[in-house]
Structure formats: structure tokens, C-alpha cells
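First up is the structure itself, then whatever we jot down about it.
A, B, C and D label the chains in the order they appear, each numbered from 1.
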Amino acid sequence: MSDDSNAPLNVRTFSQAISDALDEELARDDSVFIWGEDIGTYGGIYGATGGLFEKHGPERVIDTPISETFIVGGGLGAALTGLRPVVELQSGGYFGIAMDELYNKVARWRYMHGGKFTVPMVVRLPEGAKGAGQEHDVSPEALFLSAFGAEIVIPSTPADAKGLLKSAIRDDRPVLFFEHAVLYATSGPIPPGDHLVPIGVADIKRPGSDVTVIAWSRMVIEALKAAEELDSEGIDIEVVDPRGLRPLDKDTIFESVEKTGRVVIAHEAPKTGGAGGEVAAIIAEEMIECLEAPIVRVASKDVTLPQSRHLQQYVLPQAAQIVDAVRSIS
Amino acid sequence: MSDDSNAPLNVRTFSQAISDALDEELARDDSVFIWGEDIGTYGGIYGATGGLFEKHGPERVIDTPISETFIVGGGLGAALTGLRPVVELQSGGYFGIAMDELYNKVARWRYMHGGKFTVPMVVRLPEGAKGAGQEHDVSPEALFLSAFGAEIVIPSTPADAKGLLKSAIRDDRPVLFFEHAVLYATSGPIPPGDHLVPIGVADIKRPGSDVTVIAWSRMVIEALKAAEELDSEGIDIEVVDPRGLRPLDKDTIFESVEKTGRVVIAHEAPKTGGAGGEVAAIIAEEMIECLEAPIVRVASKDVTLPQSRHLQQYVLPQAAQIVDAVRSIS
Amino acid sequence: MVTNQQQVKFYEDMVRVMLWEQRAMRLMQEGKVLAGYHSGRGQEAIPVGAITPLRDSDCIMYAHRGFGYTIQKGMSMVDMFADLMANVGGSTGGLGAGIPHFADPKLGILGQGGTLGTCFPIAAGAGFSAKYRGTDEVTICFFGDGTSNRGTFHEALNVASIWKLPVIWICENNRYAVSVPSEKSTAGRIVDRAIGYGIPGRSVDGMDVVSVYEEVTEAIDRARSGEGPTLIEAECYRFRGHHEGDPQVYREDGEIDEWRRRDPIESHRQRLIDNEVAAAEQLDGLQAQMASEVELAAQEAENFPMPGPERVFQGV
Amino acid sequence: MVTNQQQVKFYEDMVRVMLWEQRAMRLMQEGKVLAGYHSGRGQEAIPVGAITPLRDSDCIMYAHRGFGYTIQKGMSMVDMFADLMANVGGSTGGLGAGIPHFADPKLGILGQGGTLGTCFPIAAGAGFSAKYRGTDEVTICFFGDGTSNRGTFHEALNVASIWKLPVIWICENNRYAVSVPSEKSTAGRIVDRAIGYGIPGRSVDGMDVVSVYEEVTEAIDRARSGEGPTLIEAECYRFRGHHEGDPQVYREDGEIDEWRRRDPIESHRQRLIDNEVAAAEQLDGLQAQMASEVELAAQEAENFPMPGPERVFQGV
């Protein structure tokens, strides 16, 4: 944890951290509102908007129809006219429905129109494998690497979730905010007060000297598990959590690679087309002289995730694959 | 050209090559039909379906409404029930409108339903910068790297366009077929007869020994121009055209990299999030011991392409950037 | 007119659907199915009434609300149980579970989209295909009231109308999309959207299997004879939560009891008895027979092994 | 009732729009604009009539058919010429050309989407925003008949209706989407789609600026007073090709001549003269005045330099 605050910590789940952030920002700024499917009386299917409807009322916590192009495109219209929408896609798997709105409009509206507008909008996308099926259990962050106007933020802990979401809401750029559904139930300490985490700053989740493991979202948890196992073998890995992909904190990554000369990149999205490719390519382009081994990517197998949880075990990456990958280059 | 036929060659434009392929396949197989916006009496806004309406009739050459989710999703429905649709998005820039259909449905329907169906469908996507604006002038092929059921085919010459499109139409898998709009007017020789080019086989567009330049679509033309200039400096580049991204012909790429030890990857999509990242990462993972220099990517600058053609010159990659890149690692 | 035999068959079919679901839920409780489930209890009259008039060669795009659609279209109950358990006996060979993507091309079961509203363009495409191939096959597309607000609805209904495609659009309006009441999310009447496309729109009592059957039969006749699509809105209600585990905080007081009095299975049964079409004992007998059919299917399905890791790379 | 002064103003405004376009085309012919263009000739009555009743604080999402929308909403003609030439004088600071993405937040000009149908959800969102902020601002969303077949139409009109958002949906039905005739791509009547959403639908003669003005004014009043959206279908015709260079193979014989007789500018002029609202000389004078306004703007715009490479990285 990079937070330097020494005040007492409050233990909250990731999902509570999200709703705390929304609650505080709704209270702070009248121009903030939230909408999505079942986020009102129901409190969101992951509970991440629980209690907000009761507290902030139906004008600001709004249930929409099943209309994803409106959820995103309508949010853009509101952002262009003075508001700060925080919109939710009930599953990040619905990104494709609103892809034109996300990729071509929300991300690009400012630039396309000469920089005349700001687009202070957050799109929350629950992602990752959680047993909800092929179309839902996706981690599509890599598909937005070329949607340049938009920031890509991906927290892995409750503290980061809260602090990054609050920063995202205050940011004048559009932010795609990915929340791994399996993390919602995890808990952790959150610094008190107006906890903000800057966007685009990586966090060394575990310092180490032998191998750099760049991991985000759920894979940070797996990397930390792997670190323990590897530690017992005398391999000391450094776990770098970029906490998002744009802005990408290359400085922190490069510093770590310079130190270790060995890199593993771990994400839950399948290897091919995952953002690990981009990160690996950056290193291969700018840091190759530091490398003492191949850059290894740990990721889901290159298939659509099967619906069956039984088969998912053969596809999804876990700590064990990180351990293997690290060993293979140590 | 890797075609081994010795018969006389027919010079055709890229756009004629496309319509020849469609014409021949429509004639060959009753279950083939085409639909899209303005592909009928108008012959397609790039002329790539010219004459087909008159020849094959309104039942098989069909103008659709401006309804991209139907164009793609309806094609899928037809493919699942015995037909071989070849559907056109009037611009590849509309991929986002039908992203759910393309990425989640067309590519995945077979696997999601246990392999019970075949999806013999081709989606034609004109891509690339042609002065039609930010939302149109895109090269989104990288976004489908993780859409595993679908093949990704990208021709750079009229002969490849014809031969690959005919193969794609006969293929039982869905194929995303990207046609660079600037290439439509280029011309080249096409082998006579039932000219088929296998999908997933790279073509060495120019053999060379010093540096491997992996390029596709319009960048193949630029790479060949660069080759001439570099040749005069005594640098002999090998231009490898993968002719698509899935299946990716790693063998041909690896063989070339083994020989040269130096790699430049060139595509028109912006560098970040472009498929060059994936290709670079594969090499960094599997071939790093052969590399004698950083892997350099030549691509568009990391911005949304400006509408202005004047500004586009500062963004789009040309032969000169390939020359620079090659020099930088020679 | 519906024959007495068909009337009894409706009862049998609805009971089968209900019992299959009950048995599937037991498998879930036993931990043999690791997946969410959207119960169709209360809405059995719609798949049963609508699919009865279809032929094998006709197609359906089904919805996530229970499994009446696939059962009624003739899929093996064994396959379906096995799909839920994700073992190799399933139609997906061990791939499926959750919101399973059952399919059977031979029975015209084209599958389901997990992103709601997927069904509309695909159904229109299947309708196009039937016409292109010169057949008189029809396609039914099932969807919920909430799903009708997806843009794909508009694109597909427009095309189907202008091209007179043989598609029957059946909206199961059960008044909620998860927690959101239809009147808070859906402007006007869904059935009235037919007017904008210049096609027939019909409202039907979705709790009455006979009404559903009759209305859909008419729509099928129109479709087969080249007169194009019909939009049918079936008013209904789901008796259980959106998914198993739904706290159902959103229902209005007493609402559910009122609808339970219109239980499609119970009320049809009563009508059969009242009209002396069948005696209570006969219907009880049928019910027992269905129970054992379903039980046998479940047991057979449980015998299949789970797939190995190689399954993951098959059928890509 | 429309005052005489306003009647004359309509003429002036339509002429300005027409002349701006003519001048823009000269710039294209001179090679100073490197971009496609979709002429609005023949459809001037719609942007002029519809935007006249708007306030500065009201918003528009405009379409690609000519530039009447932005001119009438008050954008500087210099900026717009400069945008087309992609020099630094443009509203986009040298970024725009082609299907330019002009915008001016202060004038409520929210921009345009190059993927048609973008406009619908954004306009609904702007309408929501006006209501949320407690204002009585309204938003007009302009779109073509072809564009009405995008799914976003459905999603946005439904939400606007259910939430009673102050949005006026104006369809310019010019009978074609590029080459495809509306009756081959669009089922039923577009205006009838209002019925499905339970909102007022109005059909209006889009060649008559006064009718457009009156109908839109009523819709704006409804919107401002919280009664929600209106769908207006304006029947019209484009006199030139879809884009400059369009071979126009798809028109029916004589069709264009018939519509040209209803030229919105000519027929309004004739009406002014016939009703003795204005004399021909006065109108000719206005026309000359507009021509020199436009000419001055074009010349001013031509003086700006082209941006340097750094422009590419600004305003991301």
C-alpha cells in the first residue's frame, strides 16, 4: 500500500469501498449522479450501490431500462452539459453493445470536437470470471487501449477501489473503471477521510529483487500468493500493480525491470489480445537491453471462457501459473 | 507473390478483385448471398460490389437499412440456418455498433453452444485512413484478437484479396475480412481460374536477410517502398505479410526472425493497442534469444486520427518511418 | 378449435416443464449445478402454447426464463440436465451450465444470447434464411419486457417487417426486468410498437395456454403464407425471484398472490375438470407419469462423467 | 402567428444557409477543402424553421445534411469555413474537415456523430441534464430517415418518453439513405413510431419553413412545460447527391423536378411576394447582403494558417 497516511484504518469490502466512494462524491457534488440497471432499490446486483437510492433519492440514483447504448451515450450527453455521470454497465460483458458509444464517442468526443468539451464521466464495468457465462465473464480492458481519450483504471484492493473511483469522478476526462466481480467480496483496510488515489500511478504491492511480476485486478491477489510460495524457494518477486492501463506508469515498471531483468505479466484476460501484449511490447521496445530472459505472459487460455466452472479451472490463470512462469525464467 | 501458377495474369484493381471473388462465389454456390448498405444498385460506396446486383438479382444482393446490429446479427442467423452470408459494414469504423454481435456472437456462437453449429460467414470491413474522419478511418483488427472463434484476414494486394476472400467464403468459420480503403484503387496481377489463397499463411512479399519487417494491409506497400530506399544503403529487409492475424503464421515469422535477428512491425492502427503489440510480445516470449536489437513498432501516433488530411500526415505511418525504424536497429 | 386431446396435452407439457425445473433446482441445492438460474414458474403457458404449433424444422431463439422453450421444442431432458451439471452428456458436451447455451440445430433450437436482445437480429436472419431457401419455415423469438428496450429490437423488427420475414416476436411481459417494473422502464405499450412497423400487434393472456396457442397459431399461419411477422405481447408474471436468491424487495404488496390465483397450470387443470375434458384422477396420473419421466432423465444425466481439460479446446 | 418580420427573417436565414454552402463548394472546387460533403440544398426550411424558436441555452445534436443547423444556431460562419479548410481559425482549431465535428458548448451545439444514430442517446442525455439541473432548456435532435433505423433511436426515444425528457426528435425524411429509398428500408411510417412510445408524433411539410417553425414551436412549448418529447417527421427532398460526386443512379424519373418545384426558398419567397409581406426588390437586396456576408466570412477564414504538428496532441 503506497498510502502514507498514519490514521486508523477502516476495514471494508471492495463493494462497500465502491459504494462509499459513490456516497461521498454524491454528497460532495450535486452534479454527480449515477444510473444503471437495478442500481436503485435493488442496490446493484453486486451490492455496490447499496443504500444510495434511499440516501440520495431517485433523482440522483436512477434505474435505467435495459438500454446500454443509452446508459453510455446518455451519460455522455449529460457530461457534455454540465453533469458528472457515473454510469454502470451491469456487466462489463455488455461493453460490446455500447462499444460505439464507449470507444468512438465517450473517449473521442472531446478531441473530435477540437478539445472544446470536457467529458467528466465514469463508466463502471464489473469484469472477470465469476461463473456468469462466456459473455459476462470477460476482462475487456485491452480493447480500450486505442480509445485514447479515455483513462483505464483497474483497482485490486478496496482502498484502491475507493481512492481511484473518487479520483475518477473528479477527473475531467472519461474514465473506464473496471471492477473484478470476484474482488467485490474481498476486504481490506481503507484510510479514513477523503481518501484519493491518483490515476496513472502504479503501486508496488510487494517489493522484491529477482523477478518483476506486473499484475492487475484479481491477478494481484494471485501474484501475492505466488510470492509467498516463491519466497520459500528463495525467489523474491516484485509485484507491480499498474492500477490501470492509461495513463500507464511506465516509470515504475521500467525501474523494476531495470532492477530484476526478468518480467512476468499476469492478467485474467486471455493471452492473445490481452493488454499483456502491449506491456510486453513496450518493454521489448524500450528495455530490451535490460532483459535477461524472455518476457512471460500468464493469462487465460486462448479460448472463450467456458460456461462450466469445472472447465474454467483449466482456463483461468491462478497463482500456480505465476509460480511456474517465474520459475521458468529464474 | 507466393502463387505458383504459371498461367497468364489478369490485371485488376483491389476493388475489382473483391467483386470478382464475390461474383464467382455467388455463381458457384446458391447458399452464398451478400448484404449491406448501398451494395445493390449503387454497387457499394467503394465499387466493390459493382455489377453484382444486376447479375445475381435482388434476392442475393441485398440493400439493408442502416442497421448494423442486424447486418451482422442477421447474418449470423442466416449462417446458423444453412446459408453463407457475406455481409458488409459500409465502414469498418462501424465495428463498435455491432461489436456485441461480432465479438460475442459471430465469433463465439459455435463454441458457446458446444460446437454444434458452423458459422460460415464473412464480414467485410473496409478500414484504414481515407479522409472520411475519425470514426471511419480506423483499423480495428487488433480488437478482435481475443474473439477466438473468428478468423482475421487482411489482404494487401488484389491477388490476395481475391484469393483470400474466396477461401473465406468457403470457410466454415466466421471470417472478419479487413480491406484497406486506400488499396481499393491499387491494381495488380491476378492468377486466372479459381484462385484461392489459404487463410493463415504468411507471404514473404520481399525476401531479405538483414531485418524482418512484419507488415500488413497498406503498410506492406510502404514496406516495399522502404525496402527500395534501404537497399540503396545496403540494408536488405525481408517483408513478411501475415495476411491476417488469426490463424497467425508464426512459423514463417519465426523463421524470418531467426535469420535476421532484427524486427520491425508496421501497421496503420495506432501503436498502443495495435496488433503489433501482440506480435512483438509473441516474439519477446518465444524468440528473445534470437534478437539482436529492440523490437520496433511503426504505427500511427497514439491519438484519434484527426479529420484534417493536413494533420493526418503527422499521424499516419509511411515508408519513411519504416526506413527510420530499420536504420535505428541496423 | 383446440381438441380435447390437445387440451390435455397442454396440461401434460406444462407439468413437464414445471417438474423439470423443480428437479433442476434440487440438483442446484445438492450442489451439482454451479450456476445461477432464472425460474420460469408461472410462465409455462407461453413456451408450451407458443411452441406447440411449431414443426421440427421451425426455429426458436429462446429466452432465459426457465426451460420450457427447449423442452417443448423437443430437446432431450437428459441432455438438458447434463448441460446444467456441465457433464459430457449435455448438448454442449460439458461446456454449458449457468445460463446454458443449449442448442440443437436439427430441432431448430438456435440458442440463446447471454447479452439480452441478441435474439432479435439472429431471429430475423433465420427468418430471412427460411424465405431465401424457399421454405415455409417460421422462427419464434422469445424475449422479456425488459429486453424489448434494447436497440436490436428496433433494427430487427423493422427489417422483418419491411422484408415480410416469417418471424413471430413473442414478448413475455412479466412486469419486471430484475427489479425494475415495466412501467418505469418501458414507454407506452410494447404491443403498440407494432404500429410503428406496420405489422399486426396482439395482446394475449400469457397465463392461459389456450389463448397463447391460438394467437400464435394465427401468427404462424400468417408467417407461413408470406404475410410477414407479428408482435405478440403475453401478459404474465413470474412467481419466483428474477434468479434464485433474489431478495425480491421490489414487488408490490399482494401482487404475487393475485397472480398466483391465475397459475397457468392450476387454472388450466381446473378448466379441464370443469369442462369435463379430463377427470382429476387422469390429470394426477399424468402428473405422476411426468414426475417419473423427469426423475429418470435426471438420474440418467447424473451418470455422465465430467469432461477433461481437452474439452476446452474442442468446438472453437 | 408568425410576424411579417419573422417571415422575412426566414427567407434571409434560408438564403444564408444556401449561400454558405455554395461558397463552401467553391472552396472544395478550388481544392481548399479536402473532404466529402453532404449538401443540404432543398432542406433549408428544416434547420431554419426548427432552430429559430430555440434559445442560446438550448441544445442541438445536428445531422450531416448541410450546415443549416450550426449556422442557424449562431455559429460564426468564419469558424465554419475555417473548419472545412482545417486551418487554425476553425472551431476545432484545425482538427476538423470532412464531416466536421463543429461544436460550441456556449451555443448548445453539442456536435455530431460520424456513426449515424450517435445523436439519439446523447440528445436524451442532454435532455436529462436540463431537467436534472432544474432548467427549462430543450434539446433538438436532427436525423435522417435512414438513421431512424439505428437501434439507438429506440433506446433513446423510449427513455426520453418514460422520463418525459425535453427533447424534440426531428426526422428529415428526404426519401433516401444514400441510394436506398426509404420505403425499401423503413417499415411503416416513421412518425407512427411515436405511438409505440406513447408520445405525440407529428408529420410536417419539410419544404415549408413556416409549418416547420410552427410545429416545432409547439413541441418546444410542450417540452419546456414538462410534457416530454415529440417526434416530428418532416417530409423533404435533397436536390443534390448524397455527397458531392454521387452518380445518383437511384432517383426515379422526374422525381427531382417535381420536388424542385417545391423549393423551400423559392416557394417561401413567392409566398412573401404574393402575400405582400415583402417586395421582390427587398428580398433581392437581402440576398445580396447575405452573399457579401458569406463572401467576407470565407475570405476571413482563408487567411488563417494551417496548424503545425503539435496540434495533433492538443485537446486529447
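Keep this in mind: a residue touches a chain if its C-beta (ideal position, glycine included) is under 8 Å from a C-beta of that chain, and two chains touch if they have at least 3 such contacts.
These figures come from a predicted structure and were not determined experimentally.
In this assembly, the chain whose C-alpha centre lies farthest from chain B is C.
Measuring from the averaged C-alpha position of chain A to that of chain B gives a distance of 31 Å. Centre-to-centre, using mean CA coordinates, chain A is 37 Å away from chain C.
Chain geometry summary: the mean Cα position of chain B and that of chain C are 41 Å apart.
Mean C-alpha positions place chain C and chain D at a centre distance of 45 Å. Counting partner chains per residue, chain C shows two or more touched chains at residues 92, 95-96, 101, 113-115, 149-152, 155, 158-159, 162, 184-186, 316. Residue numbers of chain A whose C-beta contacts span two or more other chains: 64-65, 67-69, 93-94, 96-97, 100-101, 104, 111-112, 134-135, 148-149, 303-304, 307. In terms of which chains touch, the assembly is arranged so that all chains touch all other chains. Interface residues of chain A, counted against chain D in their complex, comprise 33, 59, 64-65, 67-70, 72-83, 85, 100-101, 104-105, 109-117, 148-149.
For chain A in complex with chain B, the residues that touch the partner chain are 93-97, 99-104, 107-108, 111-112, 134-135, 140, 142-149, 269-270, 272-274, 276-278, 280-286, 288-289, 291, 293-297, 302-304, 307. Contacts from chain D toward chain A in the complex involve residues 59, 90-93, 95-96, 101-105, 110-111, 113-115, 118, 120-130, 132-133, 139, 151-152, 155-156, 158-159, 162, 314-316.
Considering their complex, residues 149-155, 157-159, 161-162, 184-190, 192-199 of chain D touch chain C. Taken together, the chain D residues at the contact with chain B in this complex read 34-36, 86, 92, 94-101, 113-117, 146-147, 149-151, 177-180, 184-186, 249-250, 306-307, 309, 311-313, 316.
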